[in-house]
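In what follows, chain A forms one complex with chain B and a second complex with chain C.
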Partner chain A sequence: MEHLGLSLALFGAALAAALAGIGSAIGIGVAGGAAAGVMTEDPNKFGSCLILQALPGTQGIYGLLIAFFVLNKLGLLGGAGAVALTWNQGLQILASCLPIAVVGWYSAIWQGKTSAASIQMIGKKPEAMGKAIILPAMVETYAVLALLTSILMLMGVQVG
Partner chain B sequence: MGVARLKKAELYYHKSIHEQIAAALQETGSCQIISSSEENHSRPAGVEALISATDERLSDIRYLTRTLTPHYVDPVPALDRMLGERPEVTMTELEELAAKTDLKAVCDKTRAVERETGDNRQKLSDARNTALILSSLEFFPYPLSAITEGTKTLTGVIGTVKPGNVSGFKAALGDFSKYKDDSELIIAPYDEKTQDIYAALIYSRSIEAEIREVCAKHGFSPVEVPATLTGTAEEEKERFAGMISALEAKEAELDERLNALAEENVPTVQKLSDYYNSLSARYNGTAMSDETDSVMLTRFWLPAKSADDIRAKIEAISTDVELVLSDPAPDEEPPSLLTNGNTVRPFNILTELYSSPKYRGIDPTPLLAPFFWIFFGMCLGDAGYGIVVFGLILFVFKKYKKIAPGVKDFITLFLFCSVSTFIYGVISGSFFGNFIDAFLPPLIPMKNALMLVDPMTNPMQVLGISLLLGVIHLMFGLLVAAYDMLRNGEIIDAIGDKISWFFFIVGLCLYGVGLGGMLPPHFVQIGGAMAIIGAVIIFIYAGKGEPNYAKKVINGFLALYGSTSYLGDILSYSRLLALGFGSAVIGMVINLLGGLAAEIPYVGWLVAITVVIGGHIFSIAINILGSFVHPLRLQYVEFFGKFYSGGGEPFTPLTLSQEYVNVRA
Partner chain C sequence: MSYVYTVARLRGMENHILDTAFFARLMDSSGIDDALKALGETSYSQWISGNENFDKAIDSEMLATCKELESFVPDKELIDIFRIPYDFHNVKVLLKGLFKVRGGEAEGRRYDLLSRLGTIDTEELKTAIETEEYGFLPYGLTDLIPQCWQLWDSSKNPQAVELLIDHAMFRAMLNVAEGLKMPAVIHWVKSRIDAENLRSAVRLARIKYDSAKALPFFHEGGTIRPDDMARLLNEPQETWSRLLSHTDIGAVLGALQDSGDIKASLSDVSKSLDDYLIRVLENAKYSMDAPENVLLYLLTKEAETRNMRVALVCISGGLDREFGRRLLSNGR
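Let's turn to the complex of A and B:
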């Protein structure tokens, strides 16, 4: 049982990277389908479509960021060796990872759907790019807030 | 600064000079033609003819652009084109070019080649289909004419049978033993995986009806064999292989001819495209004029500042013109043109992306510019990234001298923001993430000396700064709204709905910060008093105009409940911390990976350099996107929500089309 804390913490890091990554993959996939549709009509919209498609990708990066944060905290990066962790501390780290894991997962999917709709919008009205880019960004707000929550929670957890 | 003052112009001139007049207006690029207000306005007859002639040319040009552009390899890279590396021409040169170019002839030539390509493609596809059919007919030992033509007494059919039906089919045919001499069944080799088994049946014409019945009963589905096939499958296959390669060669040759046509004509077509589009815009502008027998009247908006220039230009054409300028009438809604100096102008695009202000409204650009600048800096927040972006843009400006003004402004926006990025990077000690800590330890004391905030170890401090900036931003928005209302004489509304909230929220903040011990204690009392005054005004104002006292009270509390939306707005600024943090940590992760890679024996340094450089390029790209979008959202949703709704028509003057070339006056 001595490594339970470390295992729990790693489980948290895995959830953050995996769930947020899955969400981004789905979101980008949905947006990409819409982008491909618009580009069959007008291949010149590649630039704007790509930007809109990339928007739901940030959740995956946030998840990765938290995962690295945890690994760094655990001393698993570089040759220093893992710090000792009680199971309670491990559980705290796991809890800290949950906001970005869950919110990242879901918000990326919905942001992807909004991006897809925005892409269809610029298919018809290319001059509305500014508005098209803001609508998906509204969804991302909650991923940013979850990232912030995870960061602040992680910083609060005392280890070592 | 702000929305430019416009004048409404009424220009009277003789019909005979309408082309010169329109050309002069178009060249100034600062006149927006107004549609005739007459009901049942019809286009002046002379102009109508010009428009249809131009439209005809334009339709040729569109055809050529659509057909030839995919075959055209531009010798200049697309990025260079975008940054203004385009031919410089004058309208006179374009006119000469148009006069000596026979667009019709080019169109005819292109159409001929295109038609031939289409025919050839059709033939090729037919031949390929036939070849495909032939490949499954190899089992048939006789010339295919036995099927396609038959003889006087014999005919045949080829088709497929499902594996389950084969034995039944064979047996049924066997029953016709009396016809045995009159028919032959040939079945293609098959194994258990074959889905459709090919079978050929040769029979005497005299028993055709019975054979057909048997075929139908046992699921034999006939295959259409093209009538042109007469030799054996082997011979025909060879013949078609030859035919296909000849057709393919022809296709390549036709493609080559289209490429040649494109190389020869596309540059001209592009120039003419701009020329005729300019003409079309010009004539359509004139078409909005009113006319009498000999005089035309064109109305247009122009910036008050350019009035004298434009008058001079027009009077140079003829002295028999009358230009009457007037201020917009109160019931008229002129378009809005943003005039901001060089410092603020790059930010115009942020306002225009949302919605142009109304002519008599406030131009929010100078108000949002400093906030956007700071917010972008905090989100990207890295001295190294700031230097990279700054250097890259300076390089672009040095290399490309002819960038279109709109594009240049947009790039300049990022040039400005790279400075705030650099400054915040220095303040927060981020240089390519933690590059200094990871790889340049001797510089650590210098970095630390310049650091004012440390998001890594004390994020609460930066969170506080972010929220404080949010409060300042929002309160500024409220004051602008109050100013706008006061300007329109709505004093009570300004105090009740805007200034009251300003007092309430600023008061609460002072009270809270004072309680936290960060300000001298008397701020607690001042803040508390402000908050109470604000709350009382909000409460009273919400009940205004409501005769029932109970409802007055309910409305008052409901209005105070609206403070939750301010809470949400303020917390929204925490993204400044989160995004700045994000770029810093991504940078840190890249350096960490680089450091790990450096431990690989022998090639480690190479891998490390690749990882660090590639990683930071990726990080800059992804973080610029976030640092642009999120501060923009703060402007549009939180800031504009307080005072700005846009809704104006942007000023769209009559200009020369410059899609492919730069037209000099």
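Let's turn to the complex of A and C:
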């Protein structure tokens, strides 16, 4: 039981990185399918398609950021050794990781779908690139809010 | 199976569909040379070498589209639904030819009327029907063709045979659509049956056909029952839109009535019904992965080829351009 707190905290870091990463991979895959379709007809649209395809990738980065934050808080980075955690503190860190893990996962998938729709839009109307970026960027708002929530919660957890 | 790639590629291909403005310019051409020059920048230029046999060139364009789609659409059956009517058209052409030959008309065969757009190779179909070896034929043709012969032998009525083939065609289309388990596609096939039934009803009403004998003219499988369609013939045509107001297709009649054109020519009614069949699928435009986009693209392309045929026949034959413009479908 003495390592339960640390295990819970690490589980939270793993969830943040894994779920948000899986969501990003799915989102980028969906947008990539649409980009390939549009570029088959017009390879000159590679630049526009790439930007839109990359948008759902940010959630994976946010998840990784939170995972680093947790590892740093636990003293696992830099070789100083892990700090002692109660199970209650471990649970608090796990809870702090959930906003970016869950919201990152879902929002990346939906952002990928919106990006795919936007890629199809520029396939037909290349002049609408500005509008095409804004639509998937709206989904990003909620991933950013979840990231902020996770950071603020982690900052509030007292360890050591 | 994901349709994201497919729909994205179709969006790109839609840019090459010729729009209404192009056909308006084409109809303004001073002559066929001028029209061919205008076609020089389109995908049709690869098929049209001179001012001979436009039909073949237009079919080649449509066939190339079907083949291209088959190379990347996950469910080939979606394209088959579009192509099945051409198979049944070919069966009609071949059987009618053989009926004439057996009736003593040695030159009865009309192979020139065969369409290459069917799913069955025309040569294979020709051989199968002429040698009476139907075993490999799909869509229930194995049983249908002997039935057609039986009906012909007993009635010598080509119209009855044609109706039997049409019934089987719609049954085959519905079977393929149901096999795909795509509700929007099934709905489209049912709408297509309704459209065909309504077209028949308008034709029969024009010749004041007895409604009691009209039932065989209507096909099963639509959203409106055949006997309800037959009953329409007892009512004045002006009331049809009200009687069918609970159905999607009632709006087509409503629009014709609003424009004071309820007694419009058959070609106008056909044009409205063709446009309606495209409209049925138009919601798919707003989806990034709806499979029915494939069907929508094929129908839009078919409308383009139909417009091309009207325009070229009109220009090369020196026909009234205003009449030709009226026949053009609403394109992209």
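Simple rule for what comes next: the second predicted complex is superposed on the first by the 160 of 160 C-alpha atoms of A that agree within 3 Å, B and C clash if a C-alpha of one lies under 4 Å from a C-alpha of the other, contacts with A are read in each partner's own complex, and residues count from 1 in each chain.
The rule we apply is simple: a contact is a pair of C-beta atoms (placed from the backbone, for glycine too) under 8 Å apart; a residue touches a chain by one contact, two chains touch by 3 or more.
Because the structure is predicted, anything quoted here is derived from the model rather than measured.
In this superposed model built on chain A, chain B and chain C occupy separate space and fit side by side. By the touch criterion defined above, A:Phe68 lies against chain B but remains apart from chain C after alignment on the C-alpha atoms of chain A. Of the two partner chains, chain C is the only one that A:Asp42 touches; chain B does not reach it.
In the superposed model, the vertex angle chain B-chain A-chain C (Cα centres) comes to 50 degrees (nearest 10).
When the two structures are aligned on the shared chain, A:Thr58 is found in touch with chain B, with no touch to chain C. In the superposed pair of complexes, A:Ala34 makes contact with chain C only, with no contact to chain B.
Greater residue coverage of chain A by touch, when chain B is weighed against chain C, goes to B.
In the superposed model, A:Leu147 lies in contact with chain B only, and not with chain C. In the overlay built on the shared chain, the residue A:Gln120 is in contact with chain C alone; chain B does not reach it. After superposing both complexes on chain A, the closest C-alpha pair between chain B and chain C lies 6 Å apart. The residues of chain B lying in touch with chain A in their complex are 352-354, 459-460, 463, 571-572, 574-575, 577-579, 581-582, 585-586, 588-589, 592, 595-596, 622, 625-626, 629-630, 632-633, 636-637.
Chain C makes touch with chain A in their complex at residues 2, 4-15, 72, 288-289.
Taken in their complex, chain A has these residues touching chain C: 30, 33-38, 40-42, 113, 116-117, 119-121, 123-124.
Taken together, the chain A residues at the contact with chain B in this complex read 51, 54-55, 57-58, 61-62, 64-65, 68-69, 72, 77-78, 129-131, 133-134, 137-138, 140-141, 144-145, 147-148, 151-152, 155.
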